[in-house]
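Please see the structure below; I have some questions.
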Amino acid sequence: MRRVNLYHDKRAQWAVYVVFFGILAIIPLSMDDPFTMNQYSRYGVFAMLALSVSLVWGFGGILSLGQGIAFGMAAYGMGATMQMQYQDPVNDPIPSFMLTNELEVLPTIWEPFWHTHLGLILAIGIPVLFFVIFGILMFQARIAGAFVAIMTLAMLGAWYNMAYDMQPYTAGFNGISPPSAFVAFGVEVDPYSNLIYWVSLGVLCVLTLATKALLQTKFGTIVQAIRDDPERARFLGYNVAYYQIVLFALAGLIAALAGLVWVMITQFVSPTSLDIFFSITMVIWAAVGGRMSLFGAIFGAMFINAAQSYVGDEFQATWFIILGAVFIIVVRFAPKGLAGLFEYVFGFIPYRVRGTSGARGDAHSASE
Amino acid sequence: MSVHDFWTPFALEPFINALIIGLSLASIWLVAALGLTIIYGTMGVINMAHGEFIMLGAYSAWVMQFFIGIPWLLCLPLSFFIVGGFGWLVERGLIRHLYDRPLDTLLATWGVSLVLVQSVRLIFGGEPQYIDVPDELSTVMNLGFIHIPWMRIFIFFVSLGLVAMTLAILFKTNMGIQIRAVMQNKEMAASFGINSKRVYGLAFAFGAGLAGISGAMFSGLKTIFPDMGLGYVVEAFLVVVTGGGEVLGSLATAGIMGELFSVFSYFTNDTFGRFVLFVLIVIFLRFRPQGIFTPSMARR
Amino acid sequence: MKISRRTFVTGTVAAAAGVAAGFPHIYMKDFGQAWGAKPWIKKDGNIKVGMLWSQTGNLSVVENDSTQVSLFAVDILNGRGGIAGKEIEPVVVDAKSDIKVYSEKATQLILRDRCVSVHGSYTSASRRAVMPIFMKWDHLYYYPTCYEGRECMQNIINTGPLANQHSFDLVPYMVKNFGPKVYLVGSNYIWPKESNKNVKVWLERAGGEVVGEDYIPLGGSEFSPVFNKVRQQEPDWIMSTVVGDSDIALHRQFLQEGFKSDKMPIAALTTGEIETAAMGNEAGAGHFLSAPYFQTLPNPVNEKFVNDYLGSKYGGGGVTHYNMEETYLGILIWAKGVERALEHTGGDWEAITPRMIRDVSGNWNGQGPVGLSDEESPEGKVWIDPDNFNIWLKPKIGQCGSDGQFTIVKEADEHVFPDPFSIYPERGVCKADGLHKPDGTVQKDVL
Amino acid sequence: MAVILDLQDVTKAYDEYKVVDGFNFQVEEGELRCLLGPNGAGKTTTIDLITGRQKATSGTIMFKGRDITGQREDKIAKQGVGRKFQVPAVFKELTVRENFQVAFSKNTDPFHNMIRLGRRDGRERLRQVVEIVGLQERLEEQGGNLSHGETQWLEIGMVLTQNPQLLLMDEPTAGMTEQETQQTSEIFNRLKGEHTLVVVEHDMAFVREIADVITLMHLGKTLAEGPMEIVENDPKVREVYLGTEGITDAA
């Protein structure tokens, strides 16, 4: 018999996920409130973004401040798809905002979005492809650490400027608001229905469990190894850049899916989705919840956003100060976030499992 | 934006003026980036709150002028000490504990910037403010077809002066020698009796002070408002990173970036110029990492 | 490793605690309110009206004033006994200058707080972010800021000037007094560009010409490249659609570049009392602004408005400016709409719907559209266009003095028709039920 | 026995300064070679050049008869060159077991590894390696919690897990206690013959314990090569080390 930290018990972790998503699944059965459904779906999207940050930063050691690039690109793709669902090929073939921007025919880059499936594929494919290319650019040059952060930030800034300068194609600063809800396979995804909740939480659930499963494969161990010491991994025969590119693209994929669902919920996309502040906020969510725990990151995103929605009036003016202070405290004293605190507390819970291959009696996993 | 008015045709005189404007932009970016260069170059800290230090400099100049009536020129050095002192406190209270976690300094300083922006907004309100500059600086110098506001000439020379001062401090003074020793090898510097903590604290305070003086100076040219830092910090970062965290590197990159941006925005427009500049920098970082990551070869 | 019962229990408790903390209204009382045919205004309740502004963040500079003046207007109405004896209850939320929050809070005001109408937004971006929500719930939004038009939605009433009204009088005035050559400078987004399209139309009529056109990023504060081109083109005056912080930088750098406002003035659409106060008197002096309202408008209604407002607990900002006054008008116009709706339902509060308020604000029952008389509106008589639900108003031109206040130098002779598609006649005509296209079809919700 | 590693006239120069200067170096299969020299002699740089961490300015590096000059680190590693760093490098947030799993890198394709469960991989090899380096009782411990000596053994074990034909060990006993050094030399003596080893070392007692042949580097060149006794008594060597005591105390 030996003592270990319950926190590190993989089965307990899975149990927490099952229970968590189980509870989330019950919520719509117990209520029928369009506002709550809409709001919780939004939290679901934020949780996906925190998940992507957790994967790429917490597990991969790549501090990307550019997750908004994938989010924003996918959001624009989805916005275009939904806008074109609203347009009529015969009577009204061009979105209103283009007509007032000296465009008389639909631009070629908008043509594919007539087809919903193609539009969805592009909305996901283009950001992922961009992340692959951008990843190759960075990681083959062995750029790491803070420089990745700065480069992703600069790239985000470039796209932000682009989105709002290319007014005839993106509606500029005002953004695109598709007037009708998204229709897929003949079903209207009403942004105030239980359906939107299922979509958002469903995507979150699948992404979370898939990411969790991925991290338990050898690939997951290797990316964490690369995070700890890329050079060591390289001399063990791993093409570190290749792994980082794949991981970066996967995180981009998650953020892109979040962007897709986001536009389904809000029917609106503008350059603010590429805002630098927003992308850094995602990092705050993940950091506060615990970047090295998927569950922690998801929880952090939901918790901070719920707090933002529900704190009383007396905190409104000081909200950013509170957020900033919490963030400073977390970074300074609890780099593993709330999840790290749990890990610490769980270390005191007496919990034993049958030891493996002659383990020592008193060896217990250390906690931070 | 249609194609025909996207490009401005070339004309010599305004083009020369554009080149001069490029120098002026370069001097603004340089002075904004100088403090960051010291902080990054010395301790590898990516100070995301640098823009807010600039903002604090502008606000402290404004407060001194508006409430106490101190003339603007005197506000400049005073801002240096006020913001420098604030930077010293931030270093003592926060940054000092994070030196072995460079990524976390980036995040923690971002938290600091959030707190600073909102605090300033709560204290002074969100309205933009302005500051009175001496009348001599509110006019323009005319040399044939060349027209340069004296304010920009002033900033240009002050920024060069600050660079010279920084270099002099780094290379001639005792503190500078200590800073450079710690920059090169912390352990070895410690074995020579250099208190690296003290040096870091001073370097951070010095960098913050430079941000303060630049903020006070920009307040004469531009607008003072709580979010103003964001307008400088991105360019400042790019200058520092591309320049490799060295003072002369920043000098060179600020010059190149200022000119490129001015020329791009002369021919196209400001927003597009910015896009091209960002992309060029990302590509540059890809192909010239050695010039940037000076310490990267020294592992194990 | 075998999972023990204790593991499972601990895990469950942890997860449940997490969910409970993250989702407070699972255990909150009003959780799960059934959505149904509930009335918007309860017989025994107040009239709830939403205020969707930012109290924090960069937009709060303007929107704080909007909130204050809205509350001031509600106070006045309640002081008179509310609407037909029923008290108005403002529901103020903070949109935190974040587009995502605007959209969330709009949903909250409609669905959770069940406000009968919502007033809000200073920027087009936030307006467009919330419009799909108002369309979805067939609700009603009052937007008080000047905007570019070219929209035709059935769930909005605008009380700010449209692009075609804004520069209508200004351009001929400037051409006449300063000369035909004009340089257009704007912030890089849609409103300045659309405004300038209108300016070009008026310029052509007045015999002027555009010698240059430049847009700088929102929040940008570097104008030397622009002034370089200005110096080369030597325009007679500058037409500015630069907004916010950038506007202040524009005027200050104008001065530092050695330009003089009496030789080459800036004619602006948004440089109001707040901006002139923030840029310093010498930077603002001599330039022109076209707006439907100025603090110095010499009429008793305005003097009372200014005095009452600045004397009230809401008037801490020290000025009244055009956007505040338009917001104020929005509340008064909304109250009149509610009165009419009550008349329409024959006194049944519970039958009033948001959309009904809009419908009766148009040409209802032969009474003509809702409007405010010279005795009610600080800017003088205004009324809602019964077709496109924008506002008829008289633009005025003010010249900034050395005290930051404006002297009215010209007022339009007649009210100007708000035409959202003035420069796009080929798109059709906006009517109450949608955009009537040239081919005879009607398109709803054009945005 | 065949030559497994062959450096021909290898030079690494920074501007004018040559860290490695026309260095020739041959190692035979199954040999344990010690690479010695004062600080700055170019030992670690040589290892860097062999493993691809730095690119040679000129010269060729042959491994098993194939030219590996200038190839990428991971490609060289996959051909059978293992390297232990001077400052021990292990994955600190991973358990010892996971460290070994990562080191078991038969297939390094990320997509292939996405469908493999880490735990199953290379169990057999893990048992063999753990038997050599010890650490049986520390498998579930986090890498960052090991003692210095244990970290060194873990890293040696990780390199061994790959079963490389050539092992490059940069100061494997640095910072070890005497007892730990003793254990390490036992490990090395077991490896001898089966693997080819190049060991950079300062600890002369340790070198005496394990080395067949030593190569002494100075200013990027070979100063002397041969069995311990011969090198030790070479007058050139004495001159370099200035002292009369020879290299024994130089470390």
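A, B, C and D are the chain letters, set down in written order, and residue numbers restart from 1 in every chain.
Heads up, the rule we're going with is that a contact is a pair of C-beta atoms (placed from the backbone, for glycine too) under 8 Å apart; a residue touches a chain by one contact, two chains touch by 3 or more.
What you see is a predicted model, and the numbers here were worked out from it, not measured in a lab.
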{"item": "Result of counting contacting C-beta pairs for A-C and A-B, higher pair", "value": "A-C"}
{"item": "Label of the chain whose CA centroid is most distant from the centroid of chain B", "value": "D"}
{"item": "Chain centre separation in whole Å, for chain C relative to chain A (CA means)", "value": "34"}
{"item": "Chain C and chain D, separation of their C-alpha mean positions in angstrom", "value": "72"}
{"item": "Whole-Å gap separating chain A and chain D, where each centre is the average of the chain's CA atoms", "value": "42"}
{"item": "Chain A residues counted as touching two or more neighbouring chains", "value": "161, 164-165, 167, 231, 317, 319-320"}
{"item": "Residues of chain C engaged with two or more neighbouring chains", "value": "56, 188, 217"}
{"item": "Junction residues of chain B, two or more chains touched", "value": "118, 230, 269, 271, 274, 300"}
{"item": "Contacting residues of chain A [partner chain C, same complex]", "value": "6, 9-13, 15-16, 19-20, 23-24, 27, 30-36, 38-40, 42-43, 91-92, 96, 99-100, 161, 164-165, 167, 171-175, 177-179, 181, 191-192, 266-268, 270, 272, 278, 299, 302-303, 306, 308-310, 313, 316-317, 319-320, 342, 346, 349, 351, 353-354"}
{"item": "Chain A - residues contacting chain D, complex", "value": "4, 214, 216-222, 224-225, 227-229, 231-240, 242-243, 246, 292, 356-360, 363, 365-366"}
{"item": "Touching residues on chain B, where the partner in the complex is chain A", "value": "1-2, 44, 46, 94, 97-98, 101-104, 106-108, 110-115, 117-119, 122, 230, 234, 237-238, 241, 269, 271-272, 274-275, 278-279, 281-283, 285-287, 289, 292-293, 296, 299-300"}
{"item": "Chain C residues touching chain A - in the complex, by the definition given at the top", "value": "1-4, 6-8, 10-12, 14-16, 18-19, 21-26, 31-35, 55-57, 94, 96, 98-101, 103-104, 107-108, 110-112, 124-125, 128-129, 131-133, 135-136, 150-151, 188-190, 193-194, 217-218, 424, 427, 439, 441, 443, 445-447"}
{"item": "Residues of chain A that touch chain B when the two form their complex", "value": "63, 102, 137-138, 141-143, 145-147, 149-151, 153-155, 157-158, 161-162, 164-165, 167-168, 231, 276, 280, 283-284, 287, 317-321, 323-328, 331-332, 335"}
